[in-house]
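Chain lettering (A, B, C and D) follows the sequence in which the chains are written, and residue indices restart at 1 in each chain.
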Amino acid sequence: MIIKINLLFFGQAADITGKASWNFSGITNTLELNEKLIENFPGLQTIKYSIAVNRKIVRENTILNNEDTVAILPPFSGG
Amino acid sequence: MIIKINLLFFGQAADITGKASWNFSGITNTLELNEKLIENFPGLQTIKYSIAVNRKIVRENTILNNEDTVAILPPFSGG
Amino acid sequence: MIDKKKHKVFVDGAIGPAFIADSIAKHSTKKNIGAHSIFLGQVRNDIINEKEVEAIEYTAYSEMAEEIFHEIREAAFTKYSLTCMHIYHSIGRVNAGEISLFVFTSSVHRKDAIQACNEIVERIKNEVPVWGKEIFSGETYQWKTNS
Amino acid sequence: MIDKKKHKVFVDGAIGPAFIADSIAKHSTKKNIGAHSIFLGQVRNDIINEKEVEAIEYTAYSEMAEEIFHEIREAAFTKYSLTCMHIYHSIGRVNAGEISLFVFTSSVHRKDAIQACNEIVERIKNEVPVWGKEIFSGETYQWKTNS
């Protein structure tokens, strides 16, 4: 089965990709996802960002499941 | 010359002495003043207080000059 | 007499002084409160490369932000003896001079309210997925970074 | 753009939420401010020996208090990078649930406002000659002690 994830881009990451959300298939973990992302949007290499899987930030490579929501989060600047 | 000082009582000290202010003569330092005060108002022994000479708290025996203002200050409880 | 009811954190646009006054006034019926600590974040008109910040436009990953606000809230109630806690954060445009963050803690003795308020502000700045876009006069912008 | 002008600290009776809102609103023209820290002291209806505190009646040694407030103010402006500082303290009767102390600091970055506010509150509690008389229902009273 080919898994499908829902990608969300915020802040500067949304500016760089030109998108707020995207569907992505054929990857199995966050490391692969990151490689694909940079392939598609080289501009992402110029910024720092964290990755959240289902609203939790993941620091290490994480297995992705079908219908997971993955968010690309540049450094926060609320308050 | 017999010096004359202006005494001020605040908070519980004013309750005990029944006065907000008093003139006092014939003493030369704060130690003497304190002895006289307790002689006149034994109830003052039941509370803690600081002594301010001309609006500065004095911790040690302090010479008094004519027309000095001396305040009897129970523990503060502002705020 | 602990008020732990959840409320919406995000509000549209600036947080007005009247809203803050109203929040304060509501606490006069809670007569066991001895201390309130309030933090307000105000948008600065920083000059960056000779251009002045006119406003900040806030966006958030709302679903995740609400979860983190909830965590911050629960942790503060566990760690400190609080009577009430309220957090409000602006979404959308907030002009320079206006308020975008309002953190309000109340307790019987002052140390709890003060320490909780400080800790909540630090956590919000570091952990909540909110982004501020600094809008310059003339429609250009840059993404804000927290210090 | 530092506002160091002195104002009267003591106000008659309780400090109302509208007064606080007005103070906050006045700072919207100071667009270099990034953070406000506010402390509010509220009168508690403590139960002491089965009697409830209805109000606190504050008296002060005003001439000395004003000197100490001035010292506290100068020390905070020296130690911290503040844009504004305001201190208000009630004199006279303040009912349980009402506010008797309002400390308000503002700065470019939050640490200065927060630390200054905390320090000012501690100094006021410890160093300013003000006394609170806790008035019980039924006209009896006792002198408050700060913890």
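Annotations
Operating definition for what follows: a contact is a pair of C-beta atoms (placed from the backbone, for glycine too) under 8 Å apart; a residue touches a chain by one contact, two chains touch by 3 or more.
Predicted, not measured: the structure shown is a model, and the values here were computed from it.
Taking the mean of C-alpha positions as each chain's centre, the chain lying farthest from the centre of subunit C is B. For this pair, subunit B with subunit D, the centres built from the Cα atoms lie 27 Å apart. Centre to centre, using the average C-alpha position, subunit C and subunit D are separated by 22 Å.
Our note on geometry: subunit A versus subunit D, Cα centroid distance of 49 Å, whole angstroms. Looking at subunit D, residues 41, 121 sit in touch with two or more other chains. Contact between chains, per the stated criterion, is found for A-C, B-D, C-D.
Within the complex formed with subunit C, the residues of subunit D that make contact are 17-18, 20-22, 24-25, 27-45, 96-99, 106, 108-110, 114, 118, 121, 147.
The part of subunit D that touches subunit B in the complex is made up of residues 41, 58-61, 63-64, 67, 89, 100-101, 121, 124-133, 143-146.
Within the complex, the subunit B residues that touch subunit D are 8, 10-12, 15, 52, 55, 71, 73-79.
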